[in-house]
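A single structure is presented below for examination.
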Amino acid sequence: MTRGLTYPLVAINFKTYVEATGEGAVRLAKVAEDVSLRTGVCVAVAPQYSDLYRVSGKVRIPILAQHVDHYDPGAHTGSSCMEAAKEAGAIGSLVNHSEHMLKLSEIDLITQKMRQIGLTSVVCTNTTSVSAAVAALGPDVIAIEPPDLIGTGIPVSKARPEIVSDTVAIIRKINPKVQVLCGAGITKGEDVAAASRLGASGVLMSSGFVKARDPLAALTDLANGAKS
Amino acid sequence: MTRGLTYPLVAINFKTYVEATGEGAVRLAKVAEDVSLRTGVCVAVAPQYSDLYRVSGKVRIPILAQHVDHYDPGAHTGSSCMEAAKEAGAIGSLVNHSEHMLKLSEIDLITQKMRQIGLTSVVCTNTTSVSAAVAALGPDVIAIEPPDLIGTGIPVSKARPEIVSDTVAIIRKINPKVQVLCGAGITKGEDVAAASRLGASGVLMSSGFVKARDPLAALTDLANGAKS
Amino acid sequence: MTRGLTYPLVAINFKTYVEATGEGAVRLAKVAEDVSLRTGVCVAVAPQYSDLYRVSGKVRIPILAQHVDHYDPGAHTGSSCMEAAKEAGAIGSLVNHSEHMLKLSEIDLITQKMRQIGLTSVVCTNTTSVSAAVAALGPDVIAIEPPDLIGTGIPVSKARPEIVSDTVAIIRKINPKVQVLCGAGITKGEDVAAASRLGASGVLMSSGFVKARDPLAALTDLANGAKS
Amino acid sequence: MTRGLTYPLVAINFKTYVEATGEGAVRLAKVAEDVSLRTGVCVAVAPQYSDLYRVSGKVRIPILAQHVDHYDPGAHTGSSCMEAAKEAGAIGSLVNHSEHMLKLSEIDLITQKMRQIGLTSVVCTNTTSVSAAVAALGPDVIAIEPPDLIGTGIPVSKARPEIVSDTVAIIRKINPKVQVLCGAGITKGEDVAAASRLGASGVLMSSGFVKARDPLAALTDLANGAKS
């Protein structure tokens, strides 16, 4: 059994939502595993650090951390050690999410160090030019998310298709090995299908699943959209 | 069974040391519990976020987080949510450790919010004047640690007794309810005993236990020093 | 001729408003000097770093920087060196403005270092408890400004009189040598008079003067309010 | 008379060195102008914000700021407004110096905004991969400086020639319009000549001029090295 990412991919950021904390994180991760098994689409979840161990022991889908620091293990208090995330069951991490933006030199260090210790880097970007810059650092995945659409329900893949296609094009030019996800406002299968048509390998999303009235139904629709 | 802090207290910061990560964190926490039961001295441990749940399920001593953010649960990626720390078994947290210093307004928000949700705040300070400032915010505990002595093995309670006694005096004047710990360079029972004689209610330490050749022997000595 | 602060004081933060940049900063500083001479009320102005030298050579009122870093002169690029601010004509500086909040340990270092090199510290605070904390650090002046009222035209001294009087009371208890200003929403003389009645030694303000249609008339009214 | 940058370029960061503050900044800028006029090599200087106006009025060489923030003019206290730097006589600015590193999204915003208002961006980088990333953002100039060599007197162009040539190569591939400087440890003309042979258009330096016993002799040697 492999727990690495495959494409198309639906990656779900649990943020610090109450619904996705503690037992809630386990419950939602099980829904994600269920949908992944039934649809064949890779679904990865990114719980908080405090839930990584709890969730990773209960499901067989890829677990991501939401952030990792670049420090080596040692005298660093309150930091998010990537070796600890790996030990707790994460196979990779989001990096530079728009709610946790990093210095350029940190993103460089983090993506290099993740590669060395065998973690998959999913670097978030907010513009096409930032995406081009990150592509030059050689991460595994780039997730383009215009911050003003995050949490709105207005899907980037429909409201601003050009930002997705332009980002895919420039990343392919600079570093064709990088997978591209898009995010912000994704709630439906048709949003994911639109993303695929624009060249994305999947989506990064959060409230569209975590806060859905019926997370199972919502994710089933999303995964089916990824297959189309 | 209560899991709150009692005094004298030996509080141990696991930082992100390899020895105190994952199974290592559980093993060291069990040593801490063992010493606490045998000596009757309260021993609290502060593992990484990724180990809070894993450790709190295995031992009956107070578990602290190493840092908490002030954000309420919600759309905050990669942050250290105090509600999540509580859910994972922490009864409180270090705040403003010298390896994770915070803005004054954040310390204000964090200590207030911890009080509201029933978490114990252990605010770290680096000078006597900073300790006085923090006392005015009304935390539960202040841990004074001169950063230049951290990790040196030169105990603050012997090398700079006046910084401990001055800090105890000014905190008592501003807010007599606050408990005072001291830290930096603490490795032996006599260092803890010296701290007690200066008015401290215990110590905050890290490598003196985590990196000790024989953590059980080291902590037994430290706890006995706290009782003397 | 002294250029130190006297009380009652009207302190004006030029921020980076276009109207208060370059020649605009000189023009507004001259209006401030004019009103100060005519009313006998001390008016201090805080232009941007790039305008400190330009403004200080043209007027004889106290000039404050808007921020100073704690670094000593040396290999620090792009920082706000307090020795350089002094050399450019500043007699002191705002510290920890709500638009430039600092770590507690930085505020401690900065206020100590300002005292050593003879600069007057005006530390901004956002709550009564933060004001109490800062009082313990021994700055020269504390300016309490609830951030949600800044720039609104709703004067803190009328909308929330208790935050001003409570802050004055707790600062007097902890450190009676500290002068207390209040700010946020101050635009009229009656706002300043209300602040005085609550125990404040003056006000810290910005857009009420900088963005006024008639800055001369506005400041004359404000200064007269300070005298009443 | 143009005050823009031309190549080969010797750019000098005044940092917050005592020798390069206030009248010292003016004196050193005059030395730089003198050398530039005699050798025909463009010499730019980057004084502190507090000295931009004072220096720019006295010399006819390009003046750079050491840092600019991305905020538009307005309610931003203590920030480094690029419009104010321009008003004070700067023709551009260093960005992301290793002593003032920025978030990737900030570098993106700053370089775009500098282009819009007609300022020249000199973005500092610490590694070849970071240089590649910055090239994708389209700044005017990239200055590669390995931080561990800064201030050592060990010239990057001799100690690590491959980092300069690799950086030049990857930047040319991603964005051939970008000029490349190198820095760290540069003190002699032969260091500059070595940089030129590796493809750099000049150097960024600081203490090799500012702290030189004879700044005039040191800079004359450096400028002559740039011509060779």
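Labels A, B, C and D are assigned to the chains in the order they are written; within every chain, residues are numbered from 1.
Just so it is clear, contacts are C-beta pairs under 8 Å (C-beta built on N, C-alpha and C of every residue); 3 or more make two chains touch, one makes a residue touch a chain.
Remember, predicted model here, so these are calculated numbers, not experimental data.
A.B. asks: Using the contact definition given at the top, which chains are in touch with both chain C and chain D?
C.D. replies: none
A.B. asks: What is the distance, in whole Å, between the centres of chain B and chain D, each centre taken as the mean of its C-alpha atoms?
C.D. replies: 45
A.B. asks: Express in whole angstrom the distance between the two chain centres, defined as the mean CA positions of chain A and chain D.
C.D. replies: 38
A.B. asks: Of all the residues in chain B, which ones touch at least 2 other chains?
C.D. replies: If we look for residues of chain B contacting two or more partner chains, we find 98.
A.B. asks: Can you name every pair of chains that touch?
C.D. replies: Touch list across chains, by label: A-B, A-D, B-C, C-D.
A.B. asks: If we count contacts the way the header does, which residues on chain A are in touch with chain D in the complex?
C.D. replies: 96, 98, 101-105, 107-108, 112, 126-127, 129-130, 132-138, 170, 174
A.B. asks: Quick check: in the complex, which residue numbers of chain A touch chain B?
C.D. replies: Interface residues on chain A, with respect to chain B: 13, 15-18, 21-22, 48-54, 65-67, 71, 73-81, 83-85, 87-88, 94, 97-100, 150-151, 206-207.
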